[in-house]
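Look for subunit A in each of the two complexes below; its partner is subunit B in the first and subunit C in the second.
For the complex of A and B:
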């Protein structure tokens, strides 16, 4: 009798696991939650949470579990430590997040060895995707913005000469290189290239910009790691009266993140950037995204390009989980499932290029304006559809291998 | 005016403004370290608190920028007395390590509190009309905010110099820095003196924090991010010396600005180079006791 009872229990247990068959997918989220760039982490973290909250039903009966760790400063060391811990101790199925290029660069060999997919939601140095076949990037390459900005600045903004200024770490060099390549090809001349110190703290930008002001270029192309630096750039630029002196401020969209734009004041008006997202971008998905965001985080909280990329990142992850029916143990299969993936997201139509695992998306030239309602916003000056990472297309430098 | 002269004037001007910020924020740290040998790594947290008070007053209550600075300095100065009496004084006789642990712990708690209250997004302040824009001197225009920093700095240096060198309390402070046991034995209440200077120093730090918002923006990590800078000023100037702190702030402010302008590739190298050279020649700083 007793034996029968055991057998019955065993059969029941088998039946239960057999029918439910639900997988819990563990996703390690690595974002900066401390330090000068903590707000970048918050922008992406909020988007991840919002997506999971609204779309958990899409992958039912499977579930996801986000395990969050602090990426630390933009130097890579801490990110590597926490990500390795996530892989070995928490046994995550994939990693997502990554604000900074140094983190992604440091981590590439680890994910290759562990065969864990790594979904990048921000870090934009072009050649990062070449470092591991397990890296998929949903954000952008520096060349997405920098390269087309070169020709646009020369032809449309009227920059015949330009000075470059960049935060001295990999994406800074990459972004200015991208702009320079496009700008010189169009016929422009670079008069100076000024490194702006390390990304760890916001420097006093005034001496750097004063020097550039003295050189009187038509335009100043600035790359900074968004966040606190962006506000600093606008302040120093405004304080020095550079626009009045005839030096236009241009750059990638990192200069005017939506969550800080209202704080920047009049000094920001007239800044022209190249980028893939702004709150004011007109499409149905973006409108819905903004409504959900305000509902969840209040009317004074704005998503920005990082939030939009994080939103699409989670979307791609969810679609891969759905496609594989929760069987995500084989990292290579997860990456394969994401190759060629496309959607209409807040940024418009985006696609993951099957060859490079990097994103293909629309790029907009945007100018900061004062909107009729008194708030700062952007006006789209021009749009290029389906832009690929030009660094890998042209196989320039480290993008070749 | 020849080109190099314009550049020199420009570097001097920006460097001076930067130096004044460094002086205002660091002087309190120098005096408290000189007086009590107390290592207060939470000094940056007091500066940050001042910054957030200015943000709240200007943005939420619509109070002007300059009055807000004053309120922030007084409030933080007063609150710092509570910390000094309640926490710090217990560790005056403790080892450096224990002091460092307490104060860096306080700094981290301050960061967490600021993040909870204000979030990690960097804050800015609305400036009055007369602090925006620039002043044109013909051959060159200068940002008016930086001119304001210089004027404020010069006024504070004068007031502090007078208080330090020409008043009874100043003489007592100098005596206590030079030889504390002697000062105590002639009846100077060094304990009370310390509370007073601690409050003034913290208040000045808060003022510096308020002034820094326009320079660097304000986020919770301010409490530790720029602390190294303040400690360098204190070390190069010499503990407990007003003159030394001023000299160090000037040298570091101007050379750092000049380095950024003339040789941006070298980045933050200059600050550290000066620190190493000065401390090699004078291990106690410009005016520290050997």
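For the complex of A and C:
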């Protein structure tokens, strides 16, 4: 009996200390939930929720709590206000999300001062990671897609000359700069560079593309914001008969957003893009990811590259929590735990570069094809392994400091 | 000033007794308007109380103060002079970039002198554009002001190597305020700083609208033909007030850059011009405190609703605007006035 009593007391003590040890990690999620970009926020938010739902048991007895706030328009101001308050008012342990580069740039000094890790799941301006030692990026920089596309276009697609067309805002300029650097290094020649107006509205692309068609380059590299712009590009490209005229359409994967692809029709077939994710990408993790996604959000809802990045972001955060056993009060330790982290995710093998805190990932050249079931899909033409952000490797422009 | 004017006029003109009485009444009315009344202390008490009640929310608080100042500058031209503009963000942006570029490119990081520079540059641009644009009224003016803001934005985008473009000017650092108070994570310093600047700007604006110049503006708003007929220099008055309002919007923009330590070209967005107008109309135009109430109500509501439902909060804001347009045409302050009138009638 006495023994039982002792055992009981010991068990009780264990239970008490057990609960005392379990930490509740607060994660501030900042994503655009309103306005024109609300669907971007949804794609990432769904992935965050799905990961937490499926993997909460991995970090038991510790728990996570997501506190969500609206990132607002890409001005930086609102994101900075809400994220600062997540830190000062809600006392979050880390921040995640961030669709837009201006939000991340505005916040960099704040997270440095507050020593709060900031996990970026989308914002793609290359030099963001240089701004604070507390920034970790799981998405991509514009150089991840643009730079390897340069060599691939020259060597494999057979482009000797190319024209650039881009929406006139930072990602557009970055992406074309990246392609140009890679393409010229491989030996190609850029014949023209055409800005396509502001990202706010979708212009009629016909006059721009007609000009490029007349210049007869082998390829046309187009950067536009993923979404409604993409449909416009394919339409104008098809109507002008540019493929028949010998001008191939290439670009980063934003050209063929998964949820717009089916509406693009025959004009899209033959488009070659460089990217880190597609629903059709063949690996076991992606298959499981898609299955879970459909189970949770229905048959007609598809994940995209942002969802995949958000999924991996949450994975990295969970692994850091596990590694530190819930003791995440020291932001620097959390960032250290993420440095060099790697996994096989929906996008294939990904790793966080210990020096730059930016992602290292495989880039796939993908061609749009008509699948046997009649739907449009992609075929992987070739893969460039372990691509780093070349802007920081070569220290170009603002990436140098 | 108004009183001495009317007295001087009295001395010159030999007026009959009842006329003199009427004049005295009018002078008395103007004088009373100019006097401070106790409810006017209310917004300031609220602002100071907010500092002590919500010490963790001062970053947001500073943003509210900046928007109040921006709305106040719009009130001066829209509410008092009747100039309808959809490009007021142009001056906000110029102020924001004067301070931003000054800090990033010239190393001019002293905050208070930055505000003066922003005010002067914005007022100058207001003077130049106003000189041309204010010959027009109505829809033409609306389009031209909108075009001004877009042109400035595109110029910035064209020279994004200098302006930083839509990625903005990151990591701006400003010297401690008056050499004493540094920026803190909780935003306490900048809240009090913004509040002090707002107080100075407000009393300046208040002085203007109750001066004969302000009366002339109201006259232009109410009946521009009659003002021409009595020989009032309408164009000159409009350009003057437009430049002053531009200068104040510039100060608001400068504060915006300083509190955020960051600025992008989106400050020139149409959204920014439209939002400030919505705030002002919500609070009540031509009422000085309409800017305070409108901006505060809009931003606090936006903040609360977006926390309540990050996805659908815009519906709440939309509903409020529809209700305001249907039932409170003269803004929330207009509602208060109506209620006051009703009470008075009820008592007598």
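One rule holds in what follows: the second predicted complex is superposed on the first by the 377 of 401 C-alpha atoms of A that agree within 3 Å, B and C clash if a C-alpha of one lies under 4 Å from a C-alpha of the other, contacts with A are read in each partner's own complex, and residues count from 1 in each chain.
The rule is simple: a contact is a pair of C-beta atoms (placed from the backbone, for glycine too) under 8 Å apart; a residue touches a chain by one contact, two chains touch by 3 or more.
Every value quoted in this text rests on a predicted model; they were computed, and no experiment measured them.
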Partner chain(s) touched by A:70 [first = subunit B, second = subunit C, both, neither]: second
Which of subunit B and subunit C A:176 touches, first, second, both or neither: neither
First, second, both or neither for A:241, with subunit B first and subunit C second: first
Touching partner for A:101 - first (subunit B), second (subunit C), both, neither: second
Partner chain in contact with A:167 - subunit B first, subunit C second, else both or neither: neither
Partner chain(s) touched by A:198 [first = subunit B, second = subunit C, both, neither]: both
Partner chain(s) touched by A:226 [first = subunit B, second = subunit C, both, neither]: neither
First, second, both or neither for A:35, with subunit B first and subunit C second: both
Subunit C-contacting residues of subunit A that also contact subunit B: 34-35, 38, 41-42, 168, 198
Sites on subunit A touched by subunit C in the complex: 31, 33-35, 38, 41-42, 68-70, 73-77, 80-81, 84-85, 87-89, 101-102, 105-106, 108-110, 113-114, 125, 131, 168-170, 173, 198
Parts of subunit B lying in touch with subunit A, wherever the complex brings them together: 6-7, 10-11, 14, 18, 111, 115, 119-124, 126, 132-134, 141, 143, 145-146, 214-217, 219-221, 225-226, 257-258, 260-262, 264-265, 267-268
Of subunit A, residues touching subunit B in the complex: 34-36, 38-39, 41-42, 168, 194-198, 200-204, 206-208, 210-211, 214, 227-228, 231-232, 235, 238-241, 259-260, 263-265
For the subunit C and subunit A complex, residues of the former touching the latter: 56-57, 59-60, 63, 154, 157, 160, 165-168, 170-171, 185-187, 256, 260-264, 266-267, 269, 271, 306-307, 310-311, 313-314
